[in-house]
Structures are given as structure tokens and as C-alpha cells.
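Same chain, two partners: chain A is paired with chain B first, then with chain C.
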Partner chain A sequence: MSERVVGRPHPIIDAAEKVSGATVFIDDLELPDALTGMALRSPHPHARILRVDTSAAERLPGVAVVLSKNNTPDAPFGINHKDEAAFCREKVRYVGDEVAAVAAVDEATAREALSLIRVEYEVLPTVADPFAALEPGAPLVHDSVAGNVANEFHIRRGAIDEAFDEADATFADEFHTHLAHQAYIEPTGCAAQWHPDGKISVWGCLQSVFLIRTFMLAPVMGMSADDFRVTQTKPGGAFGGKLDVKAALMAAMLSRAAEKPVKFMMSLEEDLIAMRPRMPVHISLESAWKRDGALAGKRVRIVAENGAYSSLSPAIMSSIALRTDNLYKTPAAEIQGRLVYTNVIPSGQMRGFGNVQATYAWESHLDNVADGLGLDPADLRLKNYTEKGDVSLHGWKIASCAVADATRYVVDKMDWKARRARGGKGRGVGLASCIHVSGNKGFSVELGPDDTDPSSGVVRVDEEGKVEIWSGESDLGQGATSVMAYIASEVMGIPVERFKVPPTDTGYMPFGMGAFASRITLIGGNAVKLAAEDARRNLLDAAAEAMEIPADELEIAEGEVRAKALPERKMAVGEVVGRAGGVIEGEGKWLAGGDVLDKEKFGNPSTTYSFSTHGAEVEVDMETGVVTVLQVCCGHDPGRVINRLGAEGQVEGGVVQGMSYAMMEGLAPLEGRLRGRNFHDYLIATSMDAPPIEHDFFESMDPYGPYGAKGLAEVAINPITAAICNAVYHATGGARIRTLPVTPERVLEAIEEAGR
Partner chain B sequence: MSTYEIKFSVNGNDESLAVRGDETLLRALRRVGYVEVKLSCEGGDCGACAVLLDGVAVNACLVFAAQADGAEITTVRGIGTEDDLHPVQEQLIEKGGVQCGFCTPGIVVSAKALLDENAAPSREDIQRGLAGNLCRCTGYKKIFEAVSAAARQISEGGGS
Partner chain C sequence: MEFLRATSVDEALAAAGDGAAFVAGGTNLVPDVLFGRKKIARAVDISRLDELRFIEEADGKIRIGALATVTDLLDSGLIRDAASPLYESALEFAGPLVRNRASVAGNLMDASPAADLAPPLLAQDAVVELASAEGERTLPLSEFFLDYRKTAARPEELMTAVVIDPLGTADRCAYYKLQLRRAMAIAVVGVAVILRMEESVCAEAAIGMGAVAAVPYRARAAEAHLRGKEIGEAEIEAAAAAAADGARPIDDVRASAAYRRKMCGVLVRRLLKKALGMPQIAAV
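Moving on to the complex of A and B:
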């Protein structure tokens, strides 16, 4: 590996701007004469709307426009099911559902206007629990959806009945996960400006500027995607939560109606009660084993909580259902899933896309199995892991894999054997592993232009030797665009300080699907690498002419074109570009590998897959049930590290976010009403909670990745919950946490259960 | 609601403004252009709005603007700008203690206040000093490393 840039530690390229407070987040965007947009939200989990009277609000001086079902068309939208409306029509379905919106000269006027809107409701029985929602005769969340089932599937693969009939041992468990928010620190917001030619500019902290036009703005507003120019403002964190952003629609609709710019900023409370938090799910597992610890088959039954609308939940449920089967050599499986509507906030995706939940359940189950078979949990995993070259029973093709190395590292570093031999006295260790996609073809079909999961990039060098990268893929704050800059810098021999990667903008940038499914480094990175190679060729051709030396005798280093044989014959890149007319560009596009899954969910959904193993050491106070995470040790296989500092930041951030989810978070709905409404009742990890983390990377050098790299964002969070729960199990001599989060009460109950 | 005519200085600039009695310092600062002070929870929980008020770190969302009449206020930009970074900022860059950057203005303010009081903080001191600043991206580790490194840089005379 002779790269000069790739693999080394670098700051993110916009760090100086960020540490000095100069970054313009959406709420900082100056939009002269912008009106303040605000929504009136349902106070009821379930009610019929008899009448919406906005006349008093409309008469209030300073109010430009009031929107509701009365004056907007019935245009349902939704990524997987078109089950959502801009404004509630016949019913409200969760506390927080948008009933109306106003645009007014300032916030005080907007607030007063909201208070003047009269809505007559007929309160309906709430169905908040998914099992109650499945009962015959349960109230219907959507009158047209019988049984409240939004999606259902049943897949059998391999000789599943024989696997169980002929097993030496079988095990069964049930697990339940909770409703948890992405809890980025920047509340969500968008702004919009209607133009007299009928077009609309939209700005916002969005994960995908291209897709929000096609799945939400254009269909609801009866316009074409091209009528919108959507520009990203740097998100103050997103973690999956800023893909399906209704604030964009609110801002655009209000702006069009008012014919004025509108800013629609959500308060933190609104964000907590009305965005799309991580899906709660109930997972029953049965597994069949050979005496030597070989997995023979598994049965999985899932009931997933959709909440009031579907967003991405059907796809998340599939991911929960199938994902872990591909991490281990699984000869047979039977999987059933049901996604259930309830009168609770619509659930959605958060970092992991269901894999956090799936990994928690399966990896907790595995430690119960190891216990039952009398095997070490690390050995049990090492015996069954998938390997490079494998094709899983669902059709996943494993192009590179270093999960076993990651596990051996954790085992070594944690002094596993010695510590496992101790356990049961309030102190213990546990580990867990995961597999994750790097991009997912399914999204391309549901959300993108076709089945190619494409990305494209433009690299543009100017006469000062400065380089801009235009990519439709977006940075969420994790440093994705810095990865692109480092890749292009490596290819082009131009120092990274000269690179700029502006936020995504549909107005002039090439298409990209956006940041989700850990796709940016692999898919966006490949497109940018090709674009940089193209720009490099074009630079060398232009230099050949200017310097009168054949292109193949030239090279670029430190921002200069040099003759390989005569290094003193050189020309600055900027000068080359100046002589060539002032701009030199390169273009690249990359189409992801893999297939669109068939109806039975068979196929290879991603080009390649990433892996990780997390280990945790905990102390459990056996009297109070309080769990302290003493240390975390983990190994990741991101193919190849592009920016070491950025990669470490992903791991450390993912681990702490995962630990926070496992131990303290929860929107805690009670009959559909959420209790988490601010950061003092929705707790997330603080500096006091952050455990020491030791970790390393195991580079499997993926054959498809740019310089061998694949995704890292999600493998950084998936296994930690199970690792902590397994450590608690070990520390307590058998207290198994079957319901998240790991609160002291649950730990005490589990200790009591284990003692019985 | 009555309004008050108040004056304060922000990063050395004198500002006079009329504020309503219920307007927070956070809202007032942002209204007159100091948008580097971030608005998130408005409840004192996240620290994104931290500023120095007469040298003491406070959450600007918990102070009424009228209470800051006559005060000297320092925001992150008063601590350092892109061309003239404070060691805390330099080290946040170097050590990778910044990702999305939304918490960062508040982190810089709290870290500066901590180092003003304690020139050689331990890891626990730093953890405690930043306990009011939520960061969802970094997992805090690199922020701790940055603050320690900044303390060393300052004691070695690398700026204040």
C-alpha cells in the first residue's frame, strides 16, 4: 500500500469552519423577509376530524396563509405505502399528526394563529399496542387496512423442518425493543422560496436532496421534480432521521400559497414527537444446533410496530428479518414478519436500519445457546461465521470478510478467557458481531430512478489550482465528503487543502441517492474516484500541450505537473488549467453491484458487506441493578480505512450512541402519548457516560471498494447493545435482558428470574 | 409584555437592542446575528447555546436577555475564528473532536471556561466540565483528547 493520503489520519475538511461557529445550519440561513411556518398537531392519538375552522386564524393580522385539508388536495404519499397526507383528512392517527399549518410574519403571530384554529374531533378508541392491534375487532388505524397489517411475509428456505427434527439441541427466546429517537442535537427544519415562474427553492438539513423531491415534494404538490431546486444545509446530525422530512413539504406548500419565502423550524419537542424514530420490534427466535456447535437452522417471527404511517418501515422489517442469517453459515431458515399499524408516532429508520434491533435479539440468543451447549460464546461464533466467497442461503455474496479477525482481536485485548472464567460476581464480559450492507439495491427501486443504485461525481479544477467535488451524495456531519476529498486528492496528486465539497444541490450537481444504508464510501467514493481519474487524465493532456512533453511522461504531485524524468520541468496545476481555458473537469459514474431481491426476498442486495465485533465489560450492582459499562473493545472490517481519524470517530460515536440506546433512551409511549419531550426526559449519553473505547480496523481490502473501502457507519453501532446484554448475563450468572432498555428495574427482574 | 432597552458587548462589539421581558439571551443574540450560538433544546439540557457571560459559561437559553444588560458576552467566535484559532479549536480539529459541528460552539465555550479555571484537567475533570454539553456524533473520546491536548498546548505557551 503506497498511498500518500488514503489510510492516514486527517481532520474532516470543514473542521475549521465548524469549530469557529461559522457553519450555516438551516436555522442560521438568512432568507430576507421569510415568514415563520408552524404546524398545528393533533393532541389525540386517534380521532375523527369533524371540522377544521381556520377563519379566525386567517383574519389575524400578520398571517399570510393557513393550510389544512380544507384548501389542499388529497394527495397521499409515502416511500413504501402511500398512506400519509400533507394534512390529516378524515382522521388524526397519532399525537403530533399535522392538522394545519400557518405562515406568519413572526413566531408569536404564528403561534397565536395556531391557537385560533378550531378543530372539532370525535375521539376514537386508541390502539397503541401492536398485539392488541392484531386482535380481531381491534380499532382500525387506516379504515381501508383490515387487521391493521401494513405488510406481511413468510419465507421458508432450506430443509427447515428436518433441521429442527434432527437437531441435537434447540433453543427459543423472545426479545422486545423500544421506540428510540435519532436525537441529533440540531432540531429539524427546512426553508422554501416560491419563485414567480412557479419553481420552488428548498433548503434543509436533508440526507437526500434528490429523493425528497420524488417521493414527497413533487407528488404531493402536483409538480415535477425539476420544479424544485433542493439544497442541503449541513445537518447537525441525522443518523437516518433526516431522510423522510415532512418539514420540507410544509415549508414548500406554505411558501407556494403565500408566494413568499417561509422557514419551517421544528422545536426539539416537535422533533421528538413527530419525526420518524427507530422502530420498536418484537422478535421470537428458535434455533436448531448440532452438538459440536454448528448452526442447523432458525425460525424467526417478527411483529414490528409501524406506528401511524409506514415511511420506510416495510423495508426495515425485511432487514430485521433476514440480516443476521447472512452473518453465520445458516443452512435453513423460516421467517415470518408482520408490520402493524398503531396510533403511535410513525416509526422509521435510524442508523442500523433495523439491524441494531435484529443484532440485539440474535446475538443475545447466541449467548444463551452457547451456555446451553456448554461452549464459549466467542468460539461458537468463530465456528459459524460466514467467510469470503460464501453465498448465504438468502443469496448474499460475501466479497470480503474479516469478522473472525475482529473477534479474535476483541478476545485477545479483553483477556477474554481469563475474564470469562471469572464472571457471575457482578462483573462480566460479553461480545457480539454483525454484518451490514454497503448500499442496498432495494432503495434504488423504491426511491431512486431505476434498479442501478447509481452515483455520479464531477471533479472541477480551476485556474488557481483549487478543486471542487460535486457529488449528489451528502455529508451528514460524519465526514463523508471528506472521504471523497481524500480519495480525489490521492488520485490527483493535489493537496487536500485545495479541495472543497459543497453541500448537495439538485440545481447543478449530478444525481446521487444520498446518505443512507452505509452507501457513500463505496458507491459515492467509487464515482468520485472515477471522476478524479478522468480529471487527472484531462489535466495531463492539457499539461502535455502546454509543456510540450507527452502526457505519459508526466505526473502530478503536490499540486504540480512534473516531467517524470526531469522533475525541474514542472507547471502548477492552476497554470495548466489557466492555459487550457480556466476549467478542467472530470466525470465519473458508478452503478452498484448486487441484485434487486425477488418476491421471496432472495438475492444479493448489496455490492459487498461490512462486519464488526464489539466487546463490553460491565459491572452490575446486584442490589440495585445499576449497570456500568467499564470498557468497550471492538474490531471493524470497513474493507479499507480511507481517513483513519474519521473512521475512528465513526466507531467511537457509534458505540456511545448504541450504548445510549441500550441503556437510557426511550420515547416511552403510554397509550400513544410520548413521554420523551426534551433532553431531560429523553436522556442520551453525556460525557459522564462515555466509556473508554479501545478498537482497531481489520482491512479485508474489498475487491469492489475504492482502495478496498466499504461502509462503516452502521457496523459501528449494531452489536454494542447485545455485547452489553451478554456482559450483564455473564456478570450476573444468567440475567437475560429480553426487553430494552437495560434499566435497573429490568436487570433486577432478570436477576430474580435467573435465580428461580 | 414590556420591552427593555439594553446594552451589552458581544465579542467586544457594543450592541444596544430592545428586548421583550420574556426573550432569552439565546433568542436575542441570534436575532441580532450571533447565530454561532446554537438553538436546540431551549431548556438548559444540551449546552449548544453556551456563551461566556462576564467570563462564566452559561446556557444562553436559561438567561433572559434583560438580565444580561451591561454584561460582557463571549461566543465561540470571540474565542477564536478560522484565521485565529484558540488551542481548544485547533485541537478539536487535529484530534477529530468535531463531526457535524452543531454541538461544537458550545463545547468550545465550556472547554475554554474549564481551562481558564483548571490549567491541567484530568480526564474526569474534563468529563465533568463538559457534562452539560451533549454531543451525539463523536462519542466524546476525541473531544476529551482535544481538551487535554489544548491544556498542554496552552501551558507550553502555544496561545491562550
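Moving on to the complex of A and C:
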């Protein structure tokens, strides 16, 4: 590892701009003569729409346009099922569903216009609970979907019946997770500008500027993807929630109808009730074991809460179903999943994409198993972990893996054996591990152009020696653009300070799928690395001509092209570019490895996989159930660290965000109505709650990764929930948290249950 | 909505009534108005009335001016030494930004069942001073909260000060706020306990309860098990049971009524033991 840039700590490249307040977020964006767009949302979880009368709103002075089912085409859309409409047509299906939208000269007028829209509803019975929705005769959320089942699968792999018949011990558990929002600080919003040539520009904090055109804007608006120029604004957080952003559609439709620019900014409350929060899921687990702690097989049954519309939920359920089987050597598995429509906010993806929920359930179950087998939970895991070179029963090919090193680090740093021996009496330790993809071929088919999961980059050097990187992959605050700059700086021998990575823009940038599935460092990073190598070759060729020295006798360092043998023979990169006509470019394209899964969900969905182990020490007040996380200790295998400071931020942010989800968050639906409608009732952890975090990286040097790197964003959050729950179990002598979040009340109930 | 910035108490009082509301820190009123929970015709800004911002000791009493902020409580040695449950409640109150703006009187006038300062002030037998154009009057805080978000203050009345007796060497006290995160959280249960000891006998007992009924209140039935007694395990258990029994909590997004009721007993037991320096099962 002789790199000068890669692996060292650097600030993110736009840190100064952000902390000085210069960053232009979507709400700061000013378009001349922009109208204010706002939506009228359903007050009912389930109702038939008898009539929408917008005439009074249309007559209000200052109102440019009112859109509803009355004047928009019936163009259903959706990534997996075309089950959603821009504006509700025959029914509303959750509180927050868009019924109409207005564009007016200002917010007050828009608000008044909304109040003038008359909607006649016939209120229908609400089906809010997924198990009630599965009952025969339950009200149907979508009249055409019998039984309210959006998706269903049943997979048997390996000799599953024998595994259970011949097991020395079997264990069973059930776990339930809750509806939790991404809780980014910046509420969602988009701006759109219709142009007289019929094309539309769109701005917003979006995870994929390219894909939102193809899965939402173009099909609903009856236009082609290249009619839209979508530009990302600097992110105020996304965490998975800004992939599927209907605000972009609202802004674009209003702008086209009004023939003027429109800004459609959601309030925090609208964001909480009408975006796509993390999917709640009910997981039943059974596992079969040999006496020595070898896993023989597992059965998993999942009921996943889809909410009113599907979006990416089928893929999330798939992730929940299969993911943890690949972390351990699993000889056989039987998996059943059902995704159920309800009259609740549509659920969706958040950092972890189902793996937070799956890992919580399976890793909690593992500690129950360890207890039952009389084994140490760390030893049980170390015995069963997958290893480099393994192919899992689902076909996953493990190209690099340091999860055992991460676990041994946690065990060592936490003084695990001694603390385990001292357990009970309100203090305890627990740990949990996870595996995660770095990109997922499935998305490429569902969302992208084809099955290649591609990324591309352009590196452009100007006559001042400054470098711009154009990539279609977006930075959501996770540090993607910094990673790209550091990779390219390493390759090109040009200092990082000369690099600029503008936000993604379909208007001139090369294609990228966007930020999800922890794919950018691996896939986008490889594309940018290839582009930087190409630019470096082109620079050296140009320098060879200018300096009259063969290219292979030249090198680039500190922004200068130097003769290797005669370092005093040198020329600044900018001068080389100037003599070559003013611009030198390089381009790179990288197609992800792995396969699209077959119908039985068999195959290798990602080029490679990342791992982590989180350990937590907690104190439990045995009388009140209040849990205090005293410390967290964790090890991560991101292949290779590109930017150490950024990687540390990912880990610390992931741990605290995961702890927050585990312990206090929740939209708390009651009969389909959410109770967490503001950050007063929807709690997220503050700095006061954050525990000390000790951690390190275990670099498995992935063979496919740029400089060996793979994804880190999601392994940083997945295991912490189970680690905390396992620590609570240890601290209390057996209180198992089967329903999230880990509130004092739930902990006290579990303590009482364990005592019986 | 009309806005008036008062330059004197008299001016503020003259502008009161007819749908007017006094605004000091605005930490409750502003969100209430923004989110449509309260409609007011006129906001009377009293935040510049510096004469109402004080914490002083006079005639053996502590007077806390209406505009004293929660941060002012934390900066006051007098409060720390002679009103320690109040001081502890201020430590758990929201976060620094809110503490810098929120006034003591505002917390009481808002009359939230979960008002953090109410249990310790109730336990310390606080008296509030109310003023209107008609004149001034005083009222024990225990008679101030009438029902959910309803107080004995008339619409035109301004709370000008809160008065308490300083705690002395004979007083044993403890406070706890059960909450779902370590800052910016509404209490699930808040309890303040003050015991005045004469030798080994509890001469006076005061237990203030928050977030477990429509109003913050004194747990009189629990106190009766302690007053005039030598407090041992039996008295503590009786008081804890009475506190749980007397609570009228609700189910909400933070906790169930059953859990809150149970916690009333747990916390009263624990705080009594803590106040008296008795061994506890687990540290608060």
C-alpha cells in the first residue's frame, strides 16, 4: 500500500462550502417567476372518491393551475407493480395520498386554493394490519389484487427437511419491526421548469437523476426520458428515501400545465406522512443445529408490510428473506415471503434496504441459539461465518471477507469473555454481524437500462491544471464525490485541492444508476478510476510531445509532469493541457460483476460483498426498562478505506442512526394514521444519546474494488440493532426484544416475561 | 394577528384580554400558532420587560421573575442550593437552545401535563403572582392547574413571578424525569420529592407528579403515608402504591397508561429512598 492519497484522512471536498453556508440546497434555489406548488392529500386511510371539484380553486386569483384526476391521464406507474397514480383516481389508499395539486403565485394563495377544492369521499373500512389484510374477506386495498398480496415467493434450497429431521437442536423465534422514517434534516422538495420547446428541467435532492426520468417522469407524463434534464441539488440527507421522489413528478406536471417554473417543497409533516419510510416486517425463524454449533438449516417466513403502493418493496422483501443466509455457511434453507398491501403509508427503502430488519431478527435469534446450545455467541458466529472463496447456497460468490477479523477485534476490545462472564444485574454486552451487497444487479433490471449495472465517468483537465470529474453517481452526503476525487487524485498525481466534482446532471454527465445498494465506491469508483487512468495516459502523451521525452519516461506528481530520470525536466499539468489545445479528457466505463437472479432468486447479485460486526455494552434499569448504551465497538470490512475521515463518519453515523432506529424512532401508525408527524413526536437520537464508538477497519483488499474498496454505507448500520438487543438480553438474564423499538416499556415487559 | 411589543408591564396588561396572548420565549406559543393549535388575535411581546427577569432572595423567599429563563435557573447558585429538584428539572429541560429562551412562567402558563418545572415547583409549595389591569393576586401553584391545559389565570392575567421557600438542611429531595431520549424529550413521567425531616421523623412530605394526569399535581395520598412518620420500607411501599393508584395517565405515542402508572410507583419508591439515602435496587 504505497498510495499517497488513498487510505488517508481527508475532509470531504465540499466541507468548507457546506459549513460556511454557501451551499445552495433545493429550498435556496431561486427560479424567476416561480410558482408555489402544493398537494391536497387524503385525510382518510381508505375511501372512494366520488367527486373532485376544483372549480372554486381554479377561480381564485393567483392560481395558475389545479391538477387532479379530472384533467390528468390515467397513467399508472411503479417500479415493480404499476399500482400508483400521479393523482388518486377511484380511491385514496393512505392518509397523505395525493388527490390534487395546485400551482399559485405564493404559498398563501396555494394554501387557500387547496382549501377550496371539494372532494366527496365515501369512507371505506381501513385495513391497517397486514395479518388482518390476509384474512379472507378483508377489504381490498387495490380492488384488482385478491387477498391484498402484492408479491409472494417460496424457495427451498438444499436438503431442508433432513436438516431439521437430523438436527441435534432446533430453535424458533418471531420478530417484528416498525415503520421508521429516514429522518433526513432536509424535507423533500423539487423544482421544475417547463421550456417552450416542450422540454422540462428538474432540480432536487435525488439519489438518481437518471432513473427518476425513466421509472417515473417519462412514463407518467407521456414524454421520453431525454425530454427531462434532471440536476441534483446539494443533499440535505436521503438515506434511501430520495430515490422514489414523487415531488419531482408534482413539480414537473404543474410546471408543464402552468408553462412556468414551479417549486414544490414538502413540509416536514408531509414528508413524514407521504414519503417512503423503512418497511415494517414480521419474521418467523426456525433453525436447525448440530451439537457443536454448526448451522444445519433454517426456515424463514416473512410477512412484509407494503403499505398502499409497492415501489421497491418486493426487492426489499427479497433482501430481507435471503441476505443473512449468505453470512454463514448455510447448507439448507426454506424461505417464504408475502408482501401485503395495507391502508398505511407505502413503505420503502432506507439505508440497509431490509437488511437492518433481517439482521436484527436473525442475529437476535442467533444469541437465543447460542444460549440454548450453551455456546458463546461470538464463538457460534466464528464457527459458521462464510469465508473468501465460498459460494453460498443462494449462489453468492464471496470474493473477499474479513468478518471474522472484525468479530475478533470486537471481542478483544470489549474484553468480551470477562464481560460475558459478569452478565446480568443490569449490565451486559452483545454483538452482531452482517453481510451487504456492493451494488445489486437486480436493480439494474428493475430500474436501469439493462442488466449491466453500469457506471461511467469523465475526467476533464483544463489549462489551469484543474480537474473536474463527471459521474452519474450522486453524493447524498455520504462522501461519494470525495471518494471519486481521492481516487482520481491518486491515479493522476494531481493534488486533491484541484479537483471539483459537480452534482449529477443528466444534461451533460455520463450515465450512472445513482446512490443505492452501497454501489458507488465500487462501481462508480472503478469507472472514475478508469477515466482517471485514461486522462493520465492522454496527459502523458501530450506531455511527451511538448517535452520531447517518451511518455514511458514521464510521471505525474504534485500536479507536474516530470521526467523520471531528470526530475528537473518538468512541466505543470496546466501547461501541458494548454499546449495540447486547452482540454484533456479521460473516460471510463465499468460494468458490475455478478448475475441477475433467476426466478428462484438464485445467483450472485453483486460483484462483491462487505461485512461488519458491531458490539454494544448496555446498562438496563431493571425497574423502569430504560436502556443506556454505554459503548459501541465495531469492526468493518469495506475492502479498503479510500478516505479514512469519510469512512469514520460513515461508521459513526451508521451506528448512531441505527441505534436511534432501534431505540426510539417510529411513525407509530394507529389504524392507518401516523402519530409521529413531527420531530417532536418522532424522536431521533441527539448527540446526548450517542455512545462512545471505538472502531477499526479490516481491509480485505477486494480483487474487484478500486484500490480494493467496496461499499461501507450499509454495513455501518445493519448490525447495531441486534447488538443492542443481544446486550439487553445478556444484561437482563434473558429479556428478548421481539418487537422494535427497544422502548423502556418493551424492555420492562420482556424482563417480566423472562422472569416468568 | 396583531403584534405588540410591550415596553412596560402596565402597557402589557393594558393590551391583554380579547384573544391576546403574552409571548416571552415563544417556545410553546410560536409552534402552537404555526401549526394551528392555537388561534390568537394579538401577540403581546413581553420579552423586553427586563424588570421581570430576575431570581432573588427576599424576606426568606426565593422569587423567580416571569422572564427568568430555564438557563437562568441553571446559572443561579440560589436555585442550585435551595431548590435542587427545580435545578435538576432544568437540567433535563429540552436542550440548550430552548432553555435559553423558555421562561419559567411560560412553562407553567402553557399548563402541559408534562411541564418539566411543575413537579418540583409543586413539591416546593410554589405560589404564583398574577397581575392584571385590575390588580395583583397570588395563588398556590397547586390551585393553578385546573384541567388539561386549563389554568386559574384569567385571560387578561400575566404571571409576574413564582415564589418558593428555600430548601434548608432539614430537607431531603430527589427528582427524576423518565424520557425516551436524553434531550428534547417530553417526560413520560416526572417526579419530584421533598421531605422535611425533624430528627428521624418526616415533618412534611411533598411529591410533585408530572405527565401522569391531565395536570401536574401533588400526590397527596402518597404524602399522607409519610407525613409525621418515621419512614421505613412499609411507609415507602404504601406511598409508592398510593402514588401509582392516584395517577390518571393516558396512552399516547410515548407510553401506555399502564406503564406510566407502574412507573409512578417505581419512581416514588426510588426517589424517596434516594432522598433519604437508603439503599436502592438500581441507581437512578
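Everything that follows uses one rule, which is that the second predicted complex is superposed on the first by the 756 of 756 C-alpha atoms of A that agree within 3 Å, B and C clash if a C-alpha of one lies under 4 Å from a C-alpha of the other, contacts with A are read in each partner's own complex, and residues count from 1 in each chain.
Keep this in mind: contacts are C-beta pairs under 8 Å (C-beta built on N, C-alpha and C of every residue); 3 or more make two chains touch, one makes a residue touch a chain.
Bear in mind the structure is a predicted one, so any value in this text is a computation, not a measurement.
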Which superposed partner A:463 touches (first chain B, second chain C, both, neither): neither
First (chain B), second (chain C), both or neither touched by A:16: first
Partner chain(s) touched by A:668 [first = chain B, second = chain C, both, neither]: second
Partner, of chain C and chain B, that touches more residues belonging to chain A: B
Partner chain in contact with A:236 - chain B first, chain C second, else both or neither: first
Chain B versus chain C as contact partner of A:426, first or second or both or neither: second
Touched partner set for A:686, first chain B, second chain C, both or neither: both
On chain A, the residue positions that both chain B and chain C contact, one per complex: 678, 680, 685-686, 688
Residues of chain A touching chain C in the complex: 426, 621-624, 626, 664, 668, 675-676, 678, 680-681, 683, 685-686, 688-689, 743-745, 748
Chain B contact footprint on chain A (complex, rising order): 9, 11-12, 14-25, 27-28, 182-187, 234-239, 267-268, 476-479, 645-646, 648-649, 651-657, 678-680, 684-688, 690, 692-693
Contact footprint of chain A on chain B as seen in their complex: 30, 35-43, 45-46, 48, 75-77, 80-82, 85, 89, 92-96, 98-105, 108, 126-128, 130-144
Chain C - residues contacting chain A, complex: 31, 35, 95, 178, 180-186, 188, 252-253, 255-256, 259, 262-263, 266-267, 270, 281-282
